[in-house]
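The structures come next, written out as structure tokens.
The two complexes that follow have chain A in common; it is paired with chain B in the first and with chain C in the second.
Up next is the complex of A and B:
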């Protein structure tokens, strides 16, 4: 029964990845990422409550709380302040138009399906489905990174890849050791902080956060 | 139950209930804007008035323009026969399946597009080309969703689909059905020219799609066209209500002797629920630019695709 809800949530995460590819504005990227992280936190919360009631093990519940604090509240706040400070123009941000990007993402889902079904050692049917869905999220995050021109889009793509990995880990292994989770969260925070500063610097020297401009020579 | 009686009841419900759905949607919209809005039965009065009026036909049009209202109304009513209102009314289910329903509606649309072009006015041509573009974008996702449900049911007949989904309790918690429900809901919005795609309330030339095609019609012809549009909307709502919201299993305990009456009431409740859902969508969204409609269609397509894909993975 619980697998059914987790299946539903893992698909919803996949759909938010598609929504991200279909979005056009930077603020909407951040909002969609926030939604995706919230769904992730709900997954962790359901698993956490399940574990507490079964074994009295509260670590996954703690992970859910940290996910809400870091990914739903703090990182979107950081990204919003970065966007607000950087001089920001509404302009075309993607190389391919949206229907084509979405069709490419459908292809990525199929790719992850054919890859994961070839692994023979996964016996649990639901674990296989979870792995397929979250691998697809990782691939879509990668695609998002290469298809956007602005530096903020790349940060969001990186965060979505991390979300996909996190979903795969938590759904297929019933939670990693606490110390690994904490390490990942701090890595992520530092990465976003550093990338935010990097965006500032790019904006200062090129008067735009379009990464195409990085090809220009500056003395 | 007598075959002829069930046949008559099916056609009566579909044809007579259709304008009421429009009234409900308008009422909800007016309520959200703190207006009183037109009365629930306004469209019936309008149709009655139009049926009494003379028709004016432009001299430059050919026979296609005159024959189109009858073809459209006939095809749509025939399609309505193939979508059973509830399980107690099997009616025509053996004679055609959901593919026939989709392409009967497609034929109605084809003639509507031709008549839009036939009058030679600029609006008609514009509306026709837009309508064709939107329908081409939506057809793949509609077919994928219907085929997926057909695979689950083991048959493409609407009646078998209803039987297969009626046996399984509350379906929207199952990912396959939820995804397909959302995909078909987007198609419902787009096919019945509701707000994110087309605005049914205005005659502003830059935005209209469906209204532009039937702009040259008047009197009885216009009444037939509008009624056909309502019935088409009710067909999609019935598909959604009966395949994705099967609540018949709750009704089985209620009272064994009044099943037909109570199942019809249940059907009415489901239709009203979906009509309110449509109205809420109309209230909470803005009209898209025409060139953003492909993005909405792409969203519907990925929902249908993911639904089909999860069916392949889970096998329901």
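Up next is the complex of A and C:
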């Protein structure tokens, strides 16, 4: 029963990844990421409540709370401040137009479907579907990173990849060991802080956050 | 005891923020180096006398066996030497007002955090925590790569953080898949991510899941190791970072990422019962890396980038040896890891002194090193010979072992191709050495403006130690180290 709800939520996470690819502005990216993280937190919350009622195990519920605090509240806030400070100008930010990007992403979902269904030892039907959806999110995140020119777009792509991984871990294994989960959050937070500072520095020395301009080092 | 020393390192990283005097920085650095060496001696002694070290706390989080010790010792010894070297390097930069005292404080503090994270990679047995530590190495060293704050170094730091974080994220997917297979088998009740546990029960895990997990982990950690085609961050980061950091990145960071791959490789090979699957992947990845590196070395114009590509080459050689996976090949690979760490850090440290003197990284603008800095020049030239694989240095010994192992394992074509590539790299390095030492490309006016004389005396002492290590390693292998390596090979093979 609970699997059906989780199935639905994992598909909505995949849909938010498609929404992200269709977004045109940096502020929209951040909003979509926030929505996706909220969905992830809801998944963790449902699983957490389920576990508390079944076994009294509160770890997943804690993960849900941290997800809300870190991914829904703090990281979007951090990214918004960064965007405001680098005086982002609205200009075309993608290499391919959106319909083509969406088509490529559909291809990525198919790729993930065929890869995961080929693993014969995953017997549980739901685990299979969860893995297909979350691997697709990871691949779309990767595609998003290479399709945007702005440094902020790359950070968002990285965060979406991380969300996909997290969905995979929490849905198909009921969560990694607690110490690993906490460590991943810590790393993620530090990574975003460092990337934010580097964006400032790129903006200072290149007078733009266009990754296209980073072409000094070759060969 | 080891844990206390580990925490003391973090404490030391924090202590740099309490003072603003240069002399205090230098003293604290010396203390740090002594601590690192003490840790190396202590753990090596304990492990070689009484076997693997366990700590029962935190679900057996820490576990050090002979294989960990081999990698751990390289990390500790190279780090300790680099800390000493950094004193002279940073004092010189400070005297010439290239950097401020605040920057130096950040540098030292982050360097110790960086060393701490690398130690964590090889002392934990939880694959999840190992992943966290490898990601943390990227984060701790990001600002160290961007230390000089120039356009190029910021670009290098950005590429480094983005490419490595994404690569590592794929490795996490691989670890999640490993965990899924463990949870499938053990119903989640006592399954965990400790590799000793996974190795013990390797036969019961699902092969099809492990196969795909291995690909993700190879690509993920392979990014950090610098295997082509995921290597693009490496030449940038190595060339833009200050010399002590380049030495740490190339000498030990790559090894600790390789350590992650090897641990998973052992589990997968034990599960599959043969080495065909992993062997093809690793030999392929290794040869592609060596080929790419050989081509780029031939056309290189920047001496630090040349050294960086040479690191890619040597990581490729190690990967090739692991792909063959006979005891002789693994022995050669592990020995090569040690030798590469010492030789490459010697070269990067010497290149740092050359950079301090000439203020350029371009090969064409450096000439007559022997006249300018005779001691550093000799170290650099001998280091170049060593890295290119000349006897009597230790790299020659391990490469020879590896190639014979390749022939013995009935891969004559692959081993011959490896020999050919090593010859190409040798030619590339030799031509660069000739240009740097004997060309007269520099206009006389520039040459006269520079006064001959050595810089960074603490660094020269360190380079002497490293040169001694690589000479001695090529001529005679002490039985302590040999025993350690042999039992490490047994562990990598999957026994106990």
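Keep this in mind: the second predicted complex is superposed on the first by the 215 of 219 C-alpha atoms of A that agree within 3 Å, B and C clash if a C-alpha of one lies under 4 Å from a C-alpha of the other, contacts with A are read in each partner's own complex, and residues count from 1 in each chain.
We take it that a residue touches a chain if its C-beta (ideal position, glycine included) is under 8 Å from a C-beta of that chain, and two chains touch if they have at least 3 such contacts.
Computed from a prediction, not measured in an experiment: that's the story for all the values here.
Enquirer: Looking at the overlay, does A:121 come into contact with chain B only (first), chain C only (second), both, or neither?
Expert: Once the two structures are laid over each other on A, A:121 reaches chain C alone.
Enquirer: Determine, for the superposed model, which of the two partners chain B and chain C contacts more residues of chain A.
Expert: In the superposed model, C touches more residues of chain A.
Enquirer: Quick one: is A:105 in contact with chain B, with chain C, with both, or with neither? Answer first, second, both or neither.
Expert: The answer is first: A:105 touches chain B but not chain C.
Enquirer: Figure out whether A:25 sits in contact with chain B (first) or chain C (second), or with both, or with neither.
Expert: Neither chain B nor chain C is touched by A:25.
Enquirer: Which of the two partners, first being chain B and second being chain C, lies in contact with A:113: first, second, both, or neither?
Expert: Touch partner of A:113: chain B, not chain C.
Enquirer: After the superposition on A, what does A:177 contact: first (chain B), second (chain C), both or neither?
Expert: Touch partner of A:177: chain C, not chain B.
Enquirer: Could you tell me which stretches of chain A are touched by chain B in one complex and by chain C in the other?
Expert: On chain A, the chain B and chain C contacts do not overlap at all.
Enquirer: Taking the complex as given, what residues does chain A use to touch chain B?
Expert: Counting only chain A, the residues touching chain B are 4-5, 7-8, 11, 14-15, 18, 22, 98-99, 102-103, 105-106, 109-110, 113, 125, 128-129, 132.
Enquirer: Can you tell me which positions in chain A touch chain C when the two form their complex?
Expert: Residues of chain A touching chain C: 115, 118-123, 127, 131, 135, 138, 142, 145, 151, 154, 158, 161-162, 165, 168-169, 172-174, 176-177, 179-180, 183-184, 186-187, 190-191, 194-195, 197-198, 201-202, 205-206, 211, 214, 216-217, 219.
Enquirer: In their shared complex, at which residues does chain C touch chain A?
Expert: Counting only chain C, the residues touching chain A are 58-59, 61, 126, 128-129, 131-132, 135-136, 139, 142-143, 146, 149-152, 154-159, 161-162, 165-166, 169-170, 172-173, 176, 179-181, 183-184, 188, 192-193, 206-209, 212, 235-236, 239-240, 296, 299-301, 305.
Enquirer: Of all residues in chain B, which touch chain A in the complex?
Expert: So the residues of chain B touching chain A come out as 173-175, 178-179, 294-295, 297-299, 301-303, 305-306, 309-310, 313-314.
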